[in-house]
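Scrolling down, you'll hit the structures one after another.
Common to both upcoming complexes is subunit A, partnered first by subunit B, then by subunit C.
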Partner chain A sequence: MGDQPILRINGLTKRFNDFTALHSIDLNVSEGEFLTIVGPSGSGKTTLIRLLVGIDEPSDGSIWLRDRRIDEVPANKRPTCMVFQSLALFPHRTVGQNIEFPLKLRKVPPADRRARALELLDLLRLPRDYYGKRIDQCSGGERQRVALARALAFDPEILFFDEPLSALDYRLRKTLEKELKDLHRRTGKTFIYITHSLEEAMVMSDRIAIMRAGRFEQIAPAEQIYAKPVSRFVAGFMGEVNLFDMTAGQVPGVTLSPHAQSRFAGQSGTLMIRPESLSILPPSGTADICFTAVIEAEYLLGSRMQYTLRRAGGGTVTVEVLREDAAQGGVGAEITLGCPADACHLIAEVPDAA
Partner chain B sequence: MRTSRFTATVLMLYGLLVIAFLYLPLFSVGLASISKARYLSFPIRRYAYGWYGEALASDTVQTLLVLSLKVAGIVTVLSMIIGFFGALAFARYSWRFRKAYQKLILLPIFFPQTVLGLALLMWFNTLGIVPSWKTAVVAHLVWIAPIATLVISIRAYSFDPALEEAARDMGASTWDTLREVTIPLLMPGVVSAGLFAFLLSWGNFPLSLFTTGADSTLPEWLYAKMVSGYSPLVPTVGILTVGSSVVLVALGLLVPWGLRRMRALAGRVPSEQAAQQIPQET
Partner chain C sequence: MQRDRQLGLFYALPLGGFLALAFLAPILLVAAFSTMPPKVFSLAHLPDFSAYYTVLTQGYWKSVVWSLGMALAATAILFVICWPLAYGMAKVLGRFSLVLTICVVMTLFVSENIRLFGWVLTLMKGGLIEGYLRHWTGAGFDGLLYNVPVIVFGLVYVYLPFMLFPLAQGIAMVPDDTRQAAFDLGATRWQVLREVELPLAMPGILVGSLLTFVLSAGAIAESKLLGGQAVIVIADEVETAFTYGQNWPLGAALAMVLIAIVGGIAIWGIGRADLDSMMARK
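Coming up: the complex of A and B.
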């Protein structure tokens, strides 16, 4: 990755009448990075990407591609390309004509266009005889690849993706996520991807930006967002999570070891424990953080077991353990759960702020 | 669920009745056109086909045909163009007065044509325009262009706006987008709108009656002849008129089909070349 960011966004704002969709956003994207913007629907991620591509105009702020300010440049003059949610493949054209479309616009001679289209079919592992196929003869996954090939055809500087996998079934999505990551590695291009699926973001990205109500809540590598979220919103957005309210170093109904007590001494906020960080303790066992709970439901997740429990101090807890560590007893049994202090994360956010 | 034999028979009879109801009148006009008798009466005792030769040889009929074709042709082309852009405004783009526009454009269709014809005639008079086939074109357009717009709008509604955005994003100018994406995708709608426009103009009587002035279209002439001086030439010309409509509709259906075939064949050529390239490169 280069030192100078390929894309720089300063104070980008978008207002629709009296509704503000984006509140003065700042973002730097490095050359060759795979950045995923995640957020619930209505968080402004689609608005943002439409501004970056140039389909819509910002109300305020600037967008820079290296040293060039591009927010005033119309979409057709920007060296970026987007894969649309609906893919937007032209139904009246063949696969080959679709891929060649951006090249045709750039007056590339037909022979060179065809060579490039075939090269892209190879890159995306589509058979070469798909060149003459109609779009409606392609399956969902194949269309996805055609759309990618078309977006790559004119060698754009940045590739944008607007939830292109959301309409596909689970298994195909999983395969394509990996292919996309692989494609990113092979092409070395900068990818900016938006999705509401955290799983997708985790699998593919170098960095994840979590968006909420027109602002970035946190921008960090996936592990960090998962392990050290800055807010309850991010914690809850990134998979299953157990949140405990901590006041002055104490959590009601939870026993803290001296080590944990000194670590959290006097602090208030939200203590976050991921379901897989908790383990089921033997009757005499202890841990830094300890509490008892009654099993309400159990689910088998292949090699793992997941439990929903009701905590003695109130509230439900989710625990995920390996199958060989499954709880004795089953539904209705009371068990003790524990977790080391290092596996928790204290979010400096007061419960009701969220 | 299976339909009982009785229900099936009743439905079949009903269907046949409806078809007879729709087509028997036309059939009888056809019969009348080949009757030797000077007046229309059934049963026809002697048949004669001479009226067709006479109709085609007649200068009057030729003038009428040319004029009707001219009016319908111009109305068709203009309706297709107006309807295309009208439909984009109607169904594709959101703009401030779109709701009002969508309602206003429907008004001429709801207007009785005779009233519309009268209104236009008065308007032309006020402006000092002498009515002729040209004013008839305008009158037809007032009524037919909205219909063409609606027909194309149906197609435009099912159009994914992302297609145009994608084209733009890949570097297409406004004109490129129109030529490469919007026009080809709306083409089926434009062609059907054109067919409608032609047929509606070709067979229009009330608007033409008020606005052609000294000129006369086929339907007007048919009516005039019916009122004063019937001869079997009337049903003959009528049948010829119907025949031309049928030919046109058939062409309208065949040409797009032929184009699709040609495109399908053209699309296959590069793929064969592509297939041939594989052994060279691997």
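Coming up: the complex of A and C.
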């Protein structure tokens, strides 16, 4: 990864009549980075990518590609390119013609175009005889690859993705996520990816930017987003999470060890514990953070068990343990749960004031 | 599958019967008339192709060329005029396109002849345009009627809805994403039009062009009312042969030639248009 950012965004704002979709966004993206922007629908992520690609114009702010300001440059003059959610392949052209489209526009001789298209088919692990196939003869996953090949034929400085996997079934999506990450490594290009699935983001990205209501909530490496979210919103975005309201170093109904007490002394906020950080304690066992709860439901997740429990102090808790550590007694049983102080994370955000 | 096919055939029977009676039978009758020997008013005879010989030798081809030429010109002009308008209706105007649709359709409520007479009053010497011009400036001219361009203008005016609506339908079939993707991949406005919009809107373009071309090729009122005797179109020749000429075989032969040419073009065009995709999508 280079030191100079390839893309810089300063105070980018987009207003639609009286609705502000983006509130003065700032972002730096490094050369060769895989950045994923994650947010629920309506958070402004698609609006942002359309500004970055040049399909829409910002109301305010600037976009810089290295030393060049590009927010005034129309999309067809920008050295960036996007894979659309719908893929937007040309149905009246063959696979080969689709891939060659950007080269044809640049007046590359037909023989060179064809050679490049075949190279890209190889790169994306599509058989070479797909060159002459019609788009409607390709499966969903193959179309993905054709759309990617077409974007790569353009040879963009930055490749944008607008949720291109969202329409595919789960297994194909998982395969393509890994392929995409692999492709990123092999091409060394800068990828900026948009999705509403944090799990998808976790698999692929170097860094993740969480978006909420037109602003970035947190921009950090995947590991940090998962372990040290800055807000309840980010914490709740991926999978199950247990949030406890902490006031002046105490959580009602939870016993803290001296170690935990000194660590959280006097602090207020939201204590986050991931379901897999909790373990079921033997009757006499203790931990830094300890509480009792009654099992309400249990789910078998293959190698792991998941429990939904009702805590003595009120509220539900989710726990995930290995199958061999399964709780004794099943639904209705009262068990003690514990976790080390280092496995939890205190979110500074004060619990919902309302 | 086999049963579905049989059922489909069964359901198509009533309409098939109606079409055979109301559409095919008259054409066959005209075909029979066209092979009737001259001056014998009877269908019971051996086929006689002298009427076709007359068509080929008596200079009727000029009328055919005029009709087809003017139809072609009208179709081309209509395509150029209607593309931006249809584009607006399909992509830009939103609710306002309904107003536009109503305005265009309303003109169809008034008979074609009456509307053309309106243009005659507007364009003739001493009419709306020339009359006022002379009144204000003192310099008059001969009026704008009785020439070929005014006939083409009449065709363009009368057949505009037949180009506009299929074209709007065709343009609506071009996904916004596809257009934007082409643009994003470096295409200019013209390249997007040529590489994406025109090919993807082709079913609409073909349907619109065929409708206007076929209707214009058989048009008669425009050349009669606006064109006077500037040129004689093929439909005029057919009418004359059947009425003043009392030469039914000749009129029928002329009609058959026109049907063959226009029908051939239409079948060729429809064969190229993917009508199924047009009906299924949007």
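Operating definition for what follows: the second predicted complex is superposed on the first by the 352 of 354 C-alpha atoms of A that agree within 3 Å, B and C clash if a C-alpha of one lies under 4 Å from a C-alpha of the other, contacts with A are read in each partner's own complex, and residues count from 1 in each chain.
Operating definition for what follows: contacts are C-beta pairs under 8 Å (C-beta built on N, C-alpha and C of every residue); 3 or more make two chains touch, one makes a residue touch a chain.
Values in this document were obtained by computation on a predicted structure and should not be read as measured data.
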{"item": "Clash-or-fit label for the pair subunit B, subunit C on subunit A", "value": "clash"}
{"item": "First (subunit B), second (subunit C), both or neither touched by A:Thr94", "value": "first"}
{"item": "Which superposed partner A:Tyr131 touches (first subunit B, second subunit C, both, neither)", "value": "first"}
{"item": "Partner chain(s) touched by A:Gly54 [first = subunit B, second = subunit C, both, neither]", "value": "both"}
{"item": "When both partners are placed on the shared chain, which of subunit B and subunit C touches more of subunit A", "value": "B"}
{"item": "Which of subunit B and subunit C A:Pro102 touches, first, second, both or neither", "value": "both"}
{"item": "Touched partner set for A:Gly141, first subunit B, second subunit C, both or neither", "value": "neither"}
{"item": "Partner chain(s) touched by A:Gly269 [first = subunit B, second = subunit C, both, neither]", "value": "neither"}
{"item": "Touching partner for A:Leu118 - first (subunit B), second (subunit C), both, neither", "value": "first"}
{"item": "Common ground on subunit A, meaning residues reached by subunit C in one complex and by subunit B in the other", "value": "53-55, 74-77, 81-82, 84-86, 88, 90-92, 101-102, 105-106, 150-151, 154"}
{"item": "Sites on subunit A touched by subunit B in the complex", "value": "53-55, 74-78, 80-82, 84-86, 88, 90-92, 94, 96-97, 101-102, 105-106, 114, 118, 128-129, 131-134, 150-151, 154"}
{"item": "Touch list for subunit C against partner subunit A, complex", "value": "175, 177-178, 180-188, 191, 195-196, 199-200, 202"}
{"item": "Interfacial residue positions of subunit B with respect to subunit A in the complex", "value": "160, 162-163, 165-173, 176, 180-181, 184-185, 267-275, 277-278"}
{"item": "Contact set on subunit A toward subunit C in their complex", "value": "53-55, 74-77, 81-82, 84-86, 88-92, 101-102, 105-106, 150-151, 154"}
